[in-house]
Structure formats: structure tokens, C-alpha cells
Amino acid sequence: MTWDMLPALLPLLALFVGSVTVLFLPARRALPFGAWCGLLVIGLIWWPGISSEVPAPLVSSGGFAKVCTTLWALIGAATCLLANRCCLNRRLERREFAALILFAVFGMAILSASTSLVSLFLGLEAMTLAFYVLVAFNRENPTGAEAGLKYLLPGFLASALLSFGIALVYAATGSFDLPEAVLLSAAVAPMSSVALLGWALILSAAAFKASLAPFHLWTPDVYQGAPSPVAGLLASGSKGAVIAALLGSMPLALLDPMRPLLAGLAALSMIIGTFAALPQTNIKRMLAYSSVVHMGYLVLALLADQQTGIQAGMFYVITYGAATVAAFGLVASMSDSGGEPENYAALDGLARRSPWRAGLFTCVLLSLAGFPPLAGFMGKFVLFGAALESGYLWLVILALLSSLVSCYYYLRPIIRMFNVASKEGGGAPVNGGERLVFALCAAVILIAGTYPAPFFRLVANMLP
Amino acid sequence: MNGLLQIPALSVLLLLPLVGALGCLAWDRRAAIFTILLEVGIALTLPSEGGAVSSWIRYEDWQWIERFGARFSLGLDGFSLLMVWLTLVLMAVAIGISWFRYQQAGFYSLLLISCSGVLGVFLAQDLLLFYLCWEIMLLPLVLCIALWGGTKRIQAAFKLLLFTLAGSLLMLLAFLILFLLHGRQTGDYSFALQAVMSTAVPPDLAGWLFACLGLAFLVKVPVVPLHGWLPDAYEEAPTAVTLLLSGVLAKAGVFGLVRLALPLFPATWPDYTSLMAVLGLVSIVYGGWMAYVQTDLKRLVAYASVAHLGFIVLGLAAGNAMAMQGSLLQLFNHGITTAALFVLVAFVERRTGSRKLGDLGGLWARAPHLGGLILFFSLAALGLPGLNIFTGEILILLGAFASRPWWAVVGMVGVLLAACYMLRLVQEVVWGEPRCSETIADLHRGEVALLAPMAGLVLWFGLYPLPFLHLVHNPVENMLVHLVMKGGLP
Amino acid sequence: MIVPLGHVLLFAGLLFVAGLAAVLLRRNLIMILIGVEIMLNAVGLVLVGASAYWRHPSGQLFALLLMAVAAAEISIALALVVYLKRSRGTIDVNRFDGMKG
Amino acid sequence: MMGELLFLIPMLPLCGALIIMFAGGRMSRKLLAAVASFSVIASALTILWLWPLAAPQTRVSLFDWFEAGALRVPVEILFSPLSAAMALMVTGVSALIHLYAASYLHNDPDVRRFFALFNLFVFAMLIIVLADNLLLLFLGWEGVGFCSYALIGYWYRNPGFAAAGRKAFLVTRAADVLFVIALLWLFRLTGSLSIATINQQATSLPAGTLTIVALLLLAGACGKSAQLPFSSWLPDAMAGPTPVSALIHAATMVTAGVYLLCRLFPLISLSPTALAVIGLVGTATAFYGASCALVQRDIKRLLAYSTISQVGYMFLAVGAGTVTGAMFHLITHAFFKALLFMVAGAVIHLAAGEQDLFRLGQLQKRAPLLFWLLLAGALALAGMPLTAGFFSKDAILVACFALNSPWWTGLGVVGLITAFLTALYALRLVYLLAADRDVTIGHGPLPRGMIWPLLPLGLLALVGGQLNLPEPWGGGTVLQRWLQTPSGRGGTHAIEWGLAIVTLLLFVAAWLGARYRFRTLPMPPGGGVAAFFTDGWKIDALVRNAVSKPYEATGRLLDGFPERWYTAVLPDWLGRLCQSAGRYFRTFTSGYVTHYLSGMAWGTFLLLAILLIGLLR
């Protein structure tokens, strides 16, 4: 490790240093600092003066890693901005909150940039450790602690599975490096079944993080119990980072025996997620099941040819991330000291009380449902196209069916927002930070849906 | 084409309603009226501008998404022009009839968004753009039903959404497969309709893809076994939405069939003509039969609409110039007549508070103008010569008889059934001893102003349809030439 | 290497399954955590064995890393245990079923 | 240039209709009647003015109605001797009936609608008469159908009357369906819808096809002309005001079917089978109508059945190959039947709306002039020698017997029997109306406007035979020479005279019979047999039970299943199925973290199992 690797590591270091520094700031500055820190990281990544030509060990600094880190930093910054209201409402400790968010982003950045199973493990654990605390952050609330427990124990089990998987892969191939370890797995004939066993275990752990069925059971409870901004970060950032790691550095689909596993996970997620979301009446739980479905779609990107898969998958992560952050952000922005408006009933007449929120929420839900001309449609379109190209017709048909059925649960809240006459007075006004985040998300949703060319150029940069 | 100097009228036409929709929300619902008037103005100037060199009256083309070679290309020929006119007329009527009933700007905003989608469907020359517009036209109307509909509005809205969306997802799948196939064959990944049309699709696959597209479009029309969404959606929807569903969205289904399904899979078409004709005939007979036994006025008109749409499908299946021209013309005719009937039903309901046949009667004694217009449009709907529906029907029947006589013979039964159910409506609503209260008012000036242009169009298309037949002549000829060249027709 | 890698894997596998059984079958939070620790120890065993097999130190380094991570995890978990015990008076995990469906 | 003026003939009544429709709101009752009558009279005068154009067959085209593929439908008028004669008859009789109607409806509140429709009817009828293109003809065909519908239901407040209108429309529509099929077929065969072209090309058509087409055309004609089996609408159509019955359901519209067959005679005549069937239908209907007319109690229904019967003669004429005979009887029938209807209207008016023959009477005392007019009409109908009806009916029967084949001779004999029945019921009408009994009296004296339009018709009913007086009677066969249409095989003098004698004997027999049976106050007919005839051989009930009721009942059944089931029950059920699947999947998220852990373990096992299966393969 030498000094000329520093530019490549600078964004990661900035995140880490930021997460420590924020603890020493005044509480009211902590969350804005977190947001600025995210922007700083983005600046460090793209500042032309800093050339990261000498690669660092364990993490890459290529285009893929850059875009991913940018994404997570943006989402992290948005989470900081959105968290302000809920921290104030419930008197949560803002410094620690900001520090944990930055640390989680740090973990995600490592995870998606990892070039070795070691850094993968490290990133995943760093991220998850931060989330264990974040999920249970609202500990005054009994659901907060319960959510913490329900994330912690499966998380532990997943860590164990992951590390055992890594150990088996290492035992079989003698390498931690990615993607060599994958490629070697097919080559080491006598040990390849051990390696495959290892990959399957790693996949289960990843499926837990990405909440693919049947590893999804924790998701609704944790989303419900966690503060909404955290749930947003969990849904968009943490899942996105896991998918990005699978897409970028772990081309499991190259191992033929792994393909049915991926396909099975995708199919189960789509089916179970879609149906289980139907009877929901709690917004956050509905979004949780919806995220299960979306992760099922994203698995299609893993199955596709790697080049198109990365592009389609990351484009989808962007569109899904924008919509999810906005959705949870909206829930957070409507919270008051009594808690968050979780049930559909709380949405009744929102269009009267707060038309902009209702409008944005409509856009977000329609985008999640995949209606053109919103980003979600374009995302699904490229994703399904990629899967079709690699011959997964049956999965695409299943995905189309699931999109069809899912319209029902996305439209139900919309109808309630506009349909029922207002019951209470107007909600609290949207503050500046939230407005910024919402505007950004809305812009992404609309532009990526109508004129996605810039986004495609962006994800095209990510190809190795 | 050289869009630098000229105003890109088609793009303006397409995007203006969106601006209008924003205007409704941001300023006032009056923006909707201005928008639609402006749109009508643009649409009326369209034919004068273009040259008659190619079959396109206008064509506009922009880069859109390079990654899949999707282009923002819009083309206007006689057929699309007719459909654009129909859309704008009915949109104006829809806004007009809702004006005093719904005060919320959101309603008009949604109508305008849908309008934009419909225009896009009629103009798009790119598969992706077409699909985009196809979805955009549907969802706002679904929301309108769900938010402003009758008592069972939510179920009705979801039924409409899920039925038609199931179809359109099949269409998306077909488009994707076609796109990939074309890309693999030529190395040029493109969604442009002209490009994709040249793809050599293996016959087996072509059959499947055609079935996908056919289902997508026929659900929207709908023909009879695919009409599950229709009765409830039509019944529960606000009148503006009902008339747009029957007057415009149904047309988009047939339009898609003519513009996409046929040209894309010309060689497959002969395998499906019989099925299409049978679907058309089943719609005619079954729709007519069901219309006869309905007790709700709106449902009666809804089934009548299905029956009439069956003729249009039959005309397409007949596959000769006469029948096709008849079908295309009939799209306009049916749009006007059915919309007018729905408007009249709304007027009746507004006055008497009921749509049940048993509660009505003797309208002539109380409101002769209303009764007279119901009679007039009913006569149009039952195919009285000299009124517009007859024009299309006779051409379709002549054409159908020329290709398969028994199709036309069964179709003729539908003509008889039309008389049965329309006269039943007139009998129960217009004639008889008045059952409604003394005080109901006849049509006021605004309502007459809404219906008079439609009545005028009914007469115009009935008595002098020639200009419009010429308008669709070239598109039909081009398509037939294409079909013949690709082995779609002997 | 005296012990063949296969034996190490087999033993570690058994250990892992034992830990998994503890995780799955116990409802006491502490016992579940102990189960996870057993599983992690199985992992360490594989890593060290494989490291010896491949004559490569990276496996052992990973084992050390794993211990650190496990320590961090367990500390968070124990904090939660203490909090739950104090607030709800129980560490039976199935008593925490406020959210479902 | 003169040719274009021909369009004035139909356009004048149309303008009248439009003026009344759109500007009639502010017109006085008299002005309305004046506009309506004037437009028709002007039309009639135009025909007379342009009469010279008829002999050379003037053809004028205004604009193209349709043009698509091979189809070209010009809006074209053919002013030929046949159409000119028919048009003159239509406008002439119409003009008289318009004038009559002005008085008849002198206190009806809704007279504007009446005259608008009446004028519109004349327009549509003239289109039928003058059109050369079958599609344009069909425009008029359906136009008169609509006017008939609206005028039968003119007193719309009575749902029964409106229903009668609907029935008329639907029954004729059913026949029109067959007519249109013939039209489609002809287009497929000849590539044209012009009557002239079709007639020209008819010889090149295959015989079997030709027969079927001719029979389809016959069906269409039967619908409009109320022939069997489509006859049942006409008696009900009497619900309309009497001038409507006189004009539409006696003089003009119901003869449109005959006219159509006459126009297409060159085509039809190529198929002997079709001609035989036409003759059969005509004879059967003639007998049927007469048998029913014999027992009717309602004066207008009697006349309606009589019309059915008389139009049957015209069909018989076409079948026997004498277009001239058909046209001759058509014209004379228009005179005496219009007259009879208007007399009936006047009688009903006098009796304050009473239509039951057994409650009417004393006509010669209360209105002697009217009685003489009635007598003129009835005698013409009965075919008393030297009246118009005698000559025109005889011409038809002569043509039958002249064909010299058992089939036609048989039909002729039935025609003779029918003639006897006709005379019987015509004289029965006279005797009953003249009967001396207590009658309702209403409305005061008869308006003069209701009498004098009858005088010319009365005259024509008596002497109209001069139009086409047969040769043996020293006549000049004016009509025949003018029309230049086929008039069948000429009868020998023996047949002519023999038939005249037989007819005379039959008339006398009928007179004696009627005198014996109806002179003294008779009882109304009763019993099952009479009811059978009164109800028109129960055809109505048959159709109702065999067609309408099953149609509606089956429709209702289908509306329940599959329709409601498919559109409502099935989607709901699917929705519930999805919801319950959702509830099932929800139960996995049980809230117990141990279950979540097991879920993960099971998931891992599942993945390993899939892997294992994959590896084992």
C-alpha cells in the first residue's frame, strides 16, 4: 500500500473521516454536515484533478465503482436531509445518526467496489453493523427495538452463511480475488462442487440482504419499525449495493449451475412479493413487499449477459432508488411527534391537504408500478429486454404478470389520496432539505422515463 | 422533415395537451378549453400544409434514445388525420359535458393527458413511442373512473386497467422480441416502425407475436370474448370517460391492428382472418343480443357499441379495399354516434335522475328536443341510410360479401338486431306516457351546441362521405399493396 | 499437512450445522447468539485449514478479520440484549411479535 | 339543363320538411299545412312540367355518394316512363291526402311533426321511385320505413301505438335484411348497383344464383308490401292517423315492393321459378287478406287486410309477367284505397273516434255525399264491371289464364275466388256503414276540407279503368303504350270476355250474398273460427311465441350466464383468489423471528437442493 493509491481511496477515506468527525460537531450541524460530506465525496470522485490511476488493493476505482459510490453518497446525503424532521420530532441523537449513515455509505461503497471476497465481506459487515443500530435507532418506540432484533438475528445468520461460503470458496479455489474466484470455481474439477456450495451460501446471504424470497421475511417488519429515512436507505442503498456487487464483481451467472438458483430466487420473489403486497394496508409494509418484487426483477439483470446486465441493472437501481427514497422520504416528511403516517387511512384526502406531496407520491408509485412515461417503465423495459435477450422468456412473462397484478396495490393508495375528502388539516410544510431531495427524485423519475439517454450514457461508463 | 423552418405541428399537437394539463393544475380548468380549441385549430390546418408527394401528409422525426434506436418520430396520413380529428372532437365534447358537473381541475388535467396519449398512438411511427403513448392514454382515464365514477367505481376501474394492461404487456413483449430479432438480423437495433417492418420473422414466432398484438388491440376494442371489463367500466365511468373509452380508445385498438399488427406480420394475417371475422361476428350478434335485454341505458349503449365495433373488425377481416375503407371510416362514424348516445344518456340521467328503462318514458312530451336527438342518433346507430353508420356498414358488408358471403349474411343479422335494441331504447325512453316529472327542462343552449356539431357530422358522413373516403383511400391502398407484396393477400 | 482438507471441511460442516441447529431451535436470544458464534468458528476452521492446504496466509488473515467482525457484531447484539431485557423483561425472541403480516 | 331540374321533384318535399322542421315553430297551423301541401303540389306540377323528359329516359346525376374500391354510387335520377307515372301517382295522391290531412288534424296539437314527417315521407318515396341505383333506392326504402314508423306512432303517448310503429319497422327490417343480401350479392355478381346495369347483365348470370337473388328481392318486396309471411305489421299500422294509413299504408309505400319488382323485372323474369313463387306468394296473400278482411270489426283493420289482399294481386301480376298489369292495378288501387281510407277517416271523425263497424251506421242519412263516395270506392274494390278495379283486376287474371299452364291457371282460379271474397267484404262494409242503428255522434259536421279532396279520387275510382282499357273493350291501352313494359302474354278475346262474364257473375253473387247476410242488422262474428280469421290466422301469435319471446328470454338467460358471470363474477373471483394468495403468503411473515431464521435456512436448503439437482443431471 503506497501513497499513490491515496487518490483511489480518497472517497472512502472521506466517508470514514466524515463519519468520525460528525460526532464532534454541534447536533444541529450534524445532518447537514452528513449531506455535505456526501457531496464532497462525489466531488472527490469526479474532480478531474484527482487521478486514481494506481489501483488500491481489494477495492477497484474504475468507472463502475465511481458511479456506484456516487449513487450511494447521493442516497446517503438525501437520507441525512430527510432524517432531520424525524430526528427532531422524536428527539433522536442527530450526530450519531449522521455518523452511522455515513458509515453505512462507507460500507456500501466498499461493497460495490470490492474486488475481493475479503473486501466484500468487510463492506457488507460495515454496512450491516451500521444498519443494526440505525434500524433500532428509535428505541423509545417498541417497534424500533423489535425491528432491530428482527434485522440483527437474520443478519447474523446471513453473516455466518456468507463467511462460511467465502471460506468454502477459498478452500476450493485458494483465492479471495474477484472475479478470479468465480472463474476458477468452474476449473477446479474435484473441488468445484465445494466451490459451488460456497457460492450458493454466499448467494443466500446476498439474497437476505437484497430480501429475495424466501429470505425476505424480515423486510416488512424492519421497514415498519425503522425510521422511514433509514428504511429508504435500506431499501435503495443497501440492496442496491448488494446487487451492484453481484453485478460488478461476482458474475455468478457465468457458473452454469448457479443460474437455476438465481432464476428460482427471481421467480419466488416476484410471486410471493406481488401477492403478499396485495392485502397490505400499511404503506411501509407495502413498499417492503414491493421491494421484494423489484429485487426479483433485478435478479434478471444478473442472469443477463454481463455487459447489458450491468447497464440494465444499474439503470434500474437508479430509477428504483429515486422512487424508493422519495417514497420513504414522503412518509418521513408527513411524520409528526406522534409518529409516521403508516396506514392507508392516513393518506385519505392527501391531495387536498398537501397537493404537492400527493402529486409526487402518485408519480413515485406509478413509477414503481412501471407506468410510462416514468422512470420505472424505462427501467423495467431495459431489464426485461436484457433478460429476453439471454433467453429467459418465462421469467420475463412472469415478471410481466407480476407487474400487472402489482398495479393493484400501487394504485390503491393513489386512489385514496385523491378520493376521500380531507379529514385533518394540512400536514407540516415541506422543509428545504426535503424539497431538494424530492425535486431531485422527481427529476430523475421524469427524465429517466421520458429522455433516458443521459442515464444510459452514465451506466455505459460503468462497463469495465 | 425539414423541421427547422416549419413549425413541428405534430409534436406541438402531441405535447400541447400536456402543457394544458399543467395549466389546469397551475392556473385554472379553463386552460383545458383553450388547449382543446388550440388543438382543434392546429388539427384543422394540418391537411393544408403538407404536400401530397408521399403518402405522409407530415412526418417529423427526432433522435430520442440512441441506445435502442428509438426515435421520436411522428407521421400523419389520411387515416391518422381522421383519427386525430375524431379524438379532438370527442375530447372537446368530453370537456364540454363535464364542465358544469366536475369542478376539479384534476379531472380536466387527466383528460388532457389522456388526449396526448391518444394523439401519440395515432401519430407514432416508433414502436417504443407507440407503447409509451398507449399506456399514457389509458391510465388517466382509469384514474378518472376510480375517482369520479359511480358506486362500484374502484372495481370497474381496476377491471378496465387489468384487462387492458394484460393485453398491452403482451404487446410490450412482442415489441421487445421483435426488436431483438431485428437487431440480431441486421445489427441495427431499432424500434422504428419502418425498420422493424422489414424483419424476417420465422412463421411460428410470427404467429405468436401476431396473437400477442392482436390480443392487446382487441381487448381495447373490445371484441366479445375479451370484453369482460367493458360493461362495468362503461356503466360506472363519468360520461366523459365513457365516451372517450368507446369513442377514442376503442378506435386506438383497431388503429393498432391496422397500423402495427397487419403491416408487421403480413404473412401471418391470412391465418387469422377467419378468426378475426368470427370474433367480429360474435361481437355483432352477441353484443346486439345483450344490448336488447339490458335495463340500464348506459349498458344498453355500451353493448350496442360492442356490436358496432364488431362490424369494424369484420371489415378488417374481409381484407379488400372497400371493406377496409368502410372500416376506417366507420371508426369515425361509430365514435361520433356512440359518443352522442352516451351524452344523451347523461342528459336524460341529469334530468330524471335515473338510467333505468323502467323509470323513463314519454320524454318527447316533456323535452321534444332531447327526445328528437335521441331518436336521431338512435336511427343513426341502427344504420338508417343517409346517416353515418350506414355508410360504413354498407361498405363493410359489400366488402365482406365480396370475400366471404356468409360473413356478410351473419353481419346482416346484426343490422336487424341493431334495429331491435335501438328501437327498444327509443320506445321506452322517448315514446309513451311521460313518467318523469312535469318540471324537467328541455335541452338548454349549451347542450344543443354540444350535440349539434355531432348531428351535423352524422349527416355529413351519411350524405357526403366522399371527401373522407378519399382521405382513407391512400392509406388503405398502401397497406393492401404491402400486404400483397408480403404474401398477406393473394 | 497431516489432516486432509476433506476432513477439515467435514468437521467444520458438522460444526456449522450444529451452530445452525442452535440458531434455529432455540428461542433464547443468548443461545441463538452462541449458535452464530459456533457457526463463525466453523468458518474460522475452514479458513485456517484451507490456508494450510493452499500454503497461503490470506486465509488466516481472513480468520483474524472474522474474529474482529464477530466481536463487533456480538457487542451490538449484547447491547440489544441488555436493552430488551431491561425494557421488556425477557429475552425470548418470540415475545417480540408486534409486527407481522 | 332541364334535366337538373328533375331534382326539384324530390327536393321540394324535402325542403318543405326541412322548413317545417326548423322554422315551423313560429308558423301557424294553416301555414304549416299550406307549406306542406304546396311543396307536394309543386312537386306534382314539376313532374307534369318535365313530363316530356320521361319518354327518352332522362338520367341526371348530382354528385357521387360513395366511391370505394369498385363501388361507385352516384346520386342519380332516372326519369323513365315507369318512374314518371309512379311519381305522378305518388305526388298526386299525396297532394290530395295532404289537403285532407290539414282538415283531419285541425285540432291536433302536434301537427308540425305530422307535416314534417309527411313531407319527408313523400321525399323518400320519390327517391325510391326515381333512383336508378339500388343503394340510393335503399335510402328511400328505409326513409319511408322510418316515416311510417314515426307516423304510426304519431300519437306516441299510447305505448301500444308506438309499439305498432316499432313492429312495422322491425318486420320490414327483417325483410330488408334479405333485400340487402340480394343487393350485396348483385354487387358481387355484376360489380355495380345500378338497376340498369344489373338488368343488362342479368342474362349472363348463372340460373341458380339468379333464382336465389330474385327470391331474396321478393322477400324484401314482401316486407315492404306486407305480403306473406311479413304481412302482420300492416293491420297494426292502422294505429296511425287515418291520412297516414291512406297515403303510406294503402296508396304508396306498401306498393313500393311491387314497384321494386317491376323495376327489376328484366332480372327476375329470367327465373321461371322465381316468377312462380312470386305468383304463389301474391295469390296466397290475396286470399289470406280477403279471408281476414271478411270478418274484421274494425273499419281500418278491414281496409288494411284488404290492402294486403289487393297488393297480393299486384304480386300475382308480376309473377304472371305483366308489369303493366301490376302498375295498372297499383294505380287504380291507390285511387280507390286512398279514397276508402279517407272516407273511413271521415266516418270515424263523424263517430267521434269509433272504429267498430258494428257501432257505426246511418251513413247515407248523416252524410250522403260521403256515402256515395264510399260506394264508389267499395264498388271499385269489389271489381264491379266498368269500374277501375274491374279492369285492372281482370287484366291480371287474364294474364294468368293466358299463360296456359296448370300452375298459373290454378293461381288464376284462386284469384277468382278471392275476387268473390273481395266483393263480399267490400259490400259488407257498405251495408254495415249504412245500417240503421244507434250510433255515437261527435264533433259536429264534417269539415269541408275532408270532403272535396275525395271527389277526384271517387271519380278516378269509377273511371280510372280508362287508363288502360283493354283492346276488346275498345280501349287504347294508354298506360301500356306509355310504359312500354312487358304485359305478359296477351289474352285471346275468348279469355277476356269469358273472364269478364265470370267476374260479373261473381260480383252479382257476392252482392246477393252480402245483401242477404248483412242488410238486416247482423250480429258481430263470433266463435273460434271467426277469431282465427280476425287475428290474421294467428300469425302474430305464432311469431311472438316462436321468435320474439324466445329471443328475449334467451337473451335474459345469456345476460345472467355467461355475461354477468364473465364480466362480474369471474373477475371478482379472480381478485379474491389473488387476495387470498396474498393472505397466505403474508402468513409466512408471522412476526416470530425464529420463523424468519427458519425461513432463511429453508431458503438455503432450497438453493442447495436446486444446485444438487442441477449437478446430478
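The letters A, B, C and D name the chains in turn, as written, and every chain counts its residues from 1.
FYI, a contact is a pair of C-beta atoms (placed from the backbone, for glycine too) under 8 Å apart; a residue touches a chain by one contact, two chains touch by 3 or more.
Values in this document were obtained by computation on a predicted structure and should not be read as measured data.
Across A-B and C-D, the chain pair carrying more C-beta contacts is A-B.
Of all chains, C has its CA centroid at the greatest distance from the CA centroid of subunit B.
The chain closest to the protein's centre is B, with centres computed as averages of CA atoms. Note: centroid distance subunit A to subunit B, computed from Cα atoms, is 43 Å. Per-chain CA centroids place subunit B at a distance of 65 Å from subunit C. Each chain gets one centre point, the mean of its Cα atoms, and the points for subunit C and subunit D are 97 Å apart. Note: centroid distance subunit A to subunit C, computed from Cα atoms, is 26 Å. Across the assembly, subunit A contributes residues 149-150, 153, 157, 220-221, 405, 408 that each touch 2 or more other chains.
Looking at subunit C, one finds that residues 20, 23, 32, 93, 96-101 touch two or more other chains. In subunit D, the residues that reach two or more other chains under the touch definition are 586, 589, 591, 593, 597, 601.
Checking each pair of chains for touch leaves A-B, A-C, A-D, B-D, C-D.
Put simply, subunit B touches subunit A in their complex at residues 64-68, 106, 128, 131-132, 135-136, 139, 142-143, 146-147, 154, 157-158, 161-162, 165-166, 169-170, 172-173, 176-177, 179-180.
The touching residues of subunit B, when paired with subunit D in their complex, are 155, 158-159, 227-232, 286, 289-290, 292-294, 320-322, 325-326, 361-362, 364-365, 375, 379, 384-386, 391, 394-395, 397-399, 401-402, 405, 408-409, 412-413, 415-416, 419-420, 423-424, 426-427, 430-434, 463-466, 469-470, 473.
On subunit A, the positions that touch subunit B within their shared complex are 351, 366, 371-373, 377, 381, 384-385, 388-389, 396-397, 400-401, 403-405, 407-408, 411, 414-415, 418-419, 451-453, 456, 460.
Considering their complex, residues 63-71, 135, 138-139, 141-143, 146, 149-150, 153, 156-159, 162-163, 166, 169-170, 173-174, 177, 180-181, 184-185, 187-188, 551-552, 554-556, 558-559, 563, 566-568, 570-572, 575 of subunit D touch subunit B.
Remark: subunit A residues 118, 121-122, 125, 129, 132-133, 136, 139, 142-143, 145-150, 152-153, 156-157, 159-160, 163-164, 166-168, 170-171, 174, 176, 194, 220-221, 224-225, 280, 285 touch subunit C in the complex.
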